[in-house]
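Here it is, the structure in full.
Going in written order, the chains are labelled A, B, C and D, and every chain counts its residues from 1.
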Amino acid sequence: MAGSTFGTHFKITTWGESHGKGVGVVVDGCPAGLSLTEEDIQKFLDRRKPGQSKFSTQRKEDDTAEILSGVFEGKTTGTPISLMVHNKDHHSKDYGEIASCYRPGHADYTFDMKYGFRDYRGGGRSSGRETIGRVAAGAIAVKILEQMGISFVSYTRSIGAVSISSSPEELLSEPPAEIARNILSNPLYMPEMEPCHQAQAFLETCMEQKDSAGGVIECIITGVPAGIGEPVFDKLDANLAKAVFSIGAVKGFEIGDGFSCASSTGSKNNDSLTMKNGRTSFVTNHAGGILGGISTGAPIIFRAAVKPTPSIASLQNTVDKNGKDIELSIHGRHDPIIVPRAVVVVESMAALTLLDLMLEQMGSRMEYLQQFYSE
Amino acid sequence: MAGSTFGTHFKITTWGESHGKGVGVVVDGCPAGLSLTEEDIQKFLDRRKPGQSKFSTQRKEDDTAEILSGVFEGKTTGTPISLMVHNKDHHSKDYGEIASCYRPGHADYTFDMKYGFRDYRGGGRSSGRETIGRVAAGAIAVKILEQMGISFVSYTRSIGAVSISSSPEELLSEPPAEIARNILSNPLYMPEMEPCHQAQAFLETCMEQKDSAGGVIECIITGVPAGIGEPVFDKLDANLAKAVFSIGAVKGFEIGDGFSCASSTGSKNNDSLTMKNGRTSFVTNHAGGILGGISTGAPIIFRAAVKPTPSIASLQNTVDKNGKDIELSIHGRHDPIIVPRAVVVVESMAALTLLDLMLEQMGSRMEYLQQFYSE
Amino acid sequence: MAGSTFGTHFKITTWGESHGKGVGVVVDGCPAGLSLTEEDIQKFLDRRKPGQSKFSTQRKEDDTAEILSGVFEGKTTGTPISLMVHNKDHHSKDYGEIASCYRPGHADYTFDMKYGFRDYRGGGRSSGRETIGRVAAGAIAVKILEQMGISFVSYTRSIGAVSISSSPEELLSEPPAEIARNILSNPLYMPEMEPCHQAQAFLETCMEQKDSAGGVIECIITGVPAGIGEPVFDKLDANLAKAVFSIGAVKGFEIGDGFSCASSTGSKNNDSLTMKNGRTSFVTNHAGGILGGISTGAPIIFRAAVKPTPSIASLQNTVDKNGKDIELSIHGRHDPIIVPRAVVVVESMAALTLLDLMLEQMGSRMEYLQQFYSE
Amino acid sequence: MAGSTFGTHFKITTWGESHGKGVGVVVDGCPAGLSLTEEDIQKFLDRRKPGQSKFSTQRKEDDTAEILSGVFEGKTTGTPISLMVHNKDHHSKDYGEIASCYRPGHADYTFDMKYGFRDYRGGGRSSGRETIGRVAAGAIAVKILEQMGISFVSYTRSIGAVSISSSPEELLSEPPAEIARNILSNPLYMPEMEPCHQAQAFLETCMEQKDSAGGVIECIITGVPAGIGEPVFDKLDANLAKAVFSIGAVKGFEIGDGFSCASSTGSKNNDSLTMKNGRTSFVTNHAGGILGGISTGAPIIFRAAVKPTPSIASLQNTVDKNGKDIELSIHGRHDPIIVPRAVVVVESMAALTLLDLMLEQMGSRMEYLQQFYSE
């Protein structure tokens, strides 16, 4: 299992620690013939880059991706694409004092229990920097999916108690590219301005109180054809759940109406089917675009709950490696909220999952095989 | 990917349709030397058996498991355990009228889009009967885990708007075996009597209105040692999320405080560590027993949201295979709620996930290898 | 790993022991829409059935395959196909005396070392009966491949020192179906009559001497398009090597000129390319149809060396479970040679391997994805 | 499948092309706590480094490995180890003339058929340089296995018609470390001097004739405990066969007596068991240390046939991309034989395979789980 590899057909393997030489990813199984440049990757990495606003860590990293293999004359060759980002601005000495204690809300204690010791510098492998590899790979997956008419709209739905008011359906009244532009125009990646300002005010209070906040990320995928996803264990929603839950701070995942389904009734929750412009379609989308683990053709809608950043400057009780109760205050450069920077990570994981299942789907019927091999 | 196989070390493959000759599972990678009888399996199957109360389908199935291989003289041999349950009481003719139309909330349409046609009898492969294989395998996993001091407490937290009032921590004031007895003593598998009665009244109303209900299942796992789970993609919570989300009607999954983390703050949400009886422990358990994807040693707590049964007797709008809008009323024997019968499925999937990662953990340190191979 | 599952897209899981209730296989990932009956499977099973001639075990088994799932109205549904053969004529008491000792050339000792004990009846899981599941699955794979113009010619090349004289190329002067007919017309499955008679005489001598013999199986696959196989670890020849070597008694595997390449030179061993009827083709086929792990379009040719049956009636030295040196003479019903019955097992494993990589190939280029998803 | 990843527990992913920025490997699942330095890796890479003698390509590469992650304070952390070797001395212009034609014996044609085009510089991904990643990972696997008392002796058995005369058993009369020293003392990595000189003379003739040669590599693994390997598809010998066959020029693989078993008889080929110094042991080792896919405790012995280097300077017939018959003479720096440099690649692949199955074995019995989790 090992655990640093994700996907079956479009398979990624990430590596690297916060304060090592760098972080990277190997993407294996990328179809040959895709135009790909380092700029394609960079656009995605920039969405998670630190230091963009006062609400993200002031660590200065260019986070510049280098393509080391798998691209020839501007096109993917079908062989592994190795991508690397060098670490630069790491202040390892900042972490000297936490080497011997367990920060609450972090993986310090669990890593020690698992491996006997840990690379404590900046969280080592459990650092958010590990997600750079995911985002670099996600950029490739999204580019491939776009060429098949699939679009992603990913944003911050809420921060603390502040939430946007539009439903996904309401947001979709505008074209995906338009919504994306709105989202990227503000540092919290919210698609509505009013809650965005409220959230900023809330975050400033958090920071004054040496505290941190969490929030909810929502992702809408449009253009997915019906039929994607495997019916039993590799359901599209099950694989999305795993993909998104594998992101460090995620504590909840739901699809369509999610937890509110539990208090609904069958007659309200079922989405009626109807013919519309000669095509089978759904009157509502409580299901979030997936039935029986397989895409319906309606937009796929899911949400992830992200916990407040565990690194806070206020005093906390904890223990050290020698089993002594101590008090700890975490200094250094930390995001008061990681939700905005995690938006692109969620989108990336969703794209990797979807593409993998779309590749699987190509062999699902005898007629597909016969067509393919008769050409 | 194929999709009917789950797990890496303790690997299960389910097969079978609602109205075929039977359903079954092959369990590969079960350690040799476990005492195992058909009764061990049966106890678990009985918890999901239909016809137990008026709130579950009146389909009469013995659901008797037969062990076909992998057990010799009462012990597992280390080779695949093949388990089968024959289908008996299937009224395929009940389904004649739905062969040509798409039931709302079901996988009829998506299966047709995926495969070009489907075994429409009783939902075919997308029927809840597929979970028999999961539960049979889960019974084995739970038995193994019990021998390592691990206990499962799984129950219905809410049905519709009716919820139990105790927190998992409050429930855990009693020993797991005691709570389990309480839960199994009522048809809704709720650990508190008052909400159980309210929920029964609510369900009766639902049935009168030809409607159905959903609910929330909660699972607590105690005795899990710290250190289980892989740090990146195969996080314990990510694999649990996938495992639980692969169950048909699940629409949401959360761990620990889950979605409510999103509106908390770091200072409230972080669980302080402290020394207690000479052992590192956590003052609170907002994290639900997992940090950085690895178990902390505290109880693992998660919840799954289950949608209302999509099969309802009241009239619904839908389309048929020829692209015609029609009205449909679903007859036959259907659960007004599937939550109680799904409790053991959730527990089974959790056990399979946990055991798989516990097997993985055995090779995580050089000292473990040296100890093992020096013996 | 677990080890009873083979394949990624077209994935099979076998189960069962020689003297348990039966043996079987679950085939997951079979494309939907293939016509499939139990007769399709039976034709293949009959090629490995015991009791066909005096050169195979006199155990009487119908070896009748039952399809338990995955086929609806005569067609595969895309969901798992569960196949089972019940064990009938097992004389478990024959094995009482070997329960406590280790037969030379068998897996008795290694199973005990691995699992602590074993199902000793008839070899348990290490029995040749395990291959029934492979052959049943292979029958499906071959049927699919035939519909894409791919043919298998598999036969006994040699038994003991007796070998056929024709090269694969010479055999291919006749159409595959014709050669297949010849091969199946004699109990040793040799494509030439003269060596077949010599081999029968040799085997009779072996039997008189209470001894056994080995041989070489050759397999030719025609009609495979160029481009199948993954360039690094999942090379077509590497996966074939594993597939064939996973059959019990195989001790060697070679492709094309195989071991004789080692004493050839580059100028002789390289296959020149040339245009022939407007198509790129190869003047010779020393490579056996694979270059760099990828099919060339030329016939794929490989051989497997099969050791003599380890069960012999003459006296052998060995040890028992209590660590005592003993003498052993194996009674019961045993094949003096397993080569002929293994021919169809080799073919089946080759078909499973090839089909799996052909499914993988469908996602190898952006143009394939775009074509597939624009339809 | 994708194909650039090998292993389940100890999982490696290689990347890189001959003339790209570099080649590398990510090793995931390495146990924590292993002392590891770049020198450990370098020792192995030096055994396959070009330019060591006149019998290997004169391409000058330092082939210096850099550890990019997964090691902290001199020890592996349990997280992925990323290793990279930069490409330096690549003369891409040498390859201009072969960009548009298909070299016989190379993967040029098959890559084009698979992907539509290829990185033609130096063979791109199908270059022998890909094996650098395997050897770097193999160095780690061998180091781990050594700490469990397992030794590898790998060497050239034959070149062209020249073969060493000692059997593996005879070689093993000296301790592994001594044999290894002998082997590394000559450029052909043969353990006997006389055939080594003959082989050198033969190779000089080959070079004068602008031709190339092949040979056989043999590998002996001592100290492997009984019980390693999974009984059905993941047999130790099956996985070794795949591992070794996935190396570019390998055309044959055999274990123990291999192909010569086919003409032996059961009474000669079976290895008798006997008690020796109170331990079960085998009188002979025709089986090569594996029965039923599981190690017996005797030395594991296998051989791989390597074809002659396909790049030869003499004139060859082939076709170009436009479908025109042409004549081709390959210039540039090429090995007249690749066998000696491939020895360490074979050893590396064997070590990776063995370690992976040894990790799997740790969860094979209930008593192992109980022991591990009671500590």
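Annotations
Going forward, a contact is a pair of C-beta atoms (placed from the backbone, for glycine too) under 8 Å apart; a residue touches a chain by one contact, two chains touch by 3 or more.
Here the structure is a predicted model, which means the values were calculated and not measured.
The greatest centre-to-centre gap from chain D, using C-alpha centroids, is found for B. Interface comparison, A-B versus A-D: the higher number of contacting C-beta pairs is recorded for A-B. Averaged Cα coordinates give chain B a centre that lies 45 Å from the centre of chain D. If you average the CA atoms of chain A and of chain B, the two centres end up 26 Å from each other. Taking each chain's centre as the mean of its C-alpha atoms, chain A lies 39 Å from chain D. For chain C, the set of residues that touch two or more other chains comprises 1-5, 8-9, 14, 29, 32-33, 78-79, 114-116, 125, 225, 231, 360, 364-365, 367.
Those residues of chain A lying in contact with chain C across their complex are 8-9, 29, 31-34, 76, 78-79, 144, 147-149, 225, 231, 358-360, 362-370, 372-374.
Residue ranges on chain B touching chain A, taken from their complex, read 1-6, 8-9, 14, 102, 104-107, 109-111, 113-116, 125-126, 130, 158, 160-161, 206, 209, 211-216, 225-235, 237-246, 248, 251-275, 278, 280, 283, 287-288, 290-297, 305-312, 314, 316-319, 323-325, 356-357, 360-361, 364-365, 367.
Remark: chain B residues 1-5, 8-11, 13-17, 20-24, 26, 28-29, 32-33, 66, 68-70, 72, 75, 77-82, 84, 114-119, 124-125 touch chain C in the complex.
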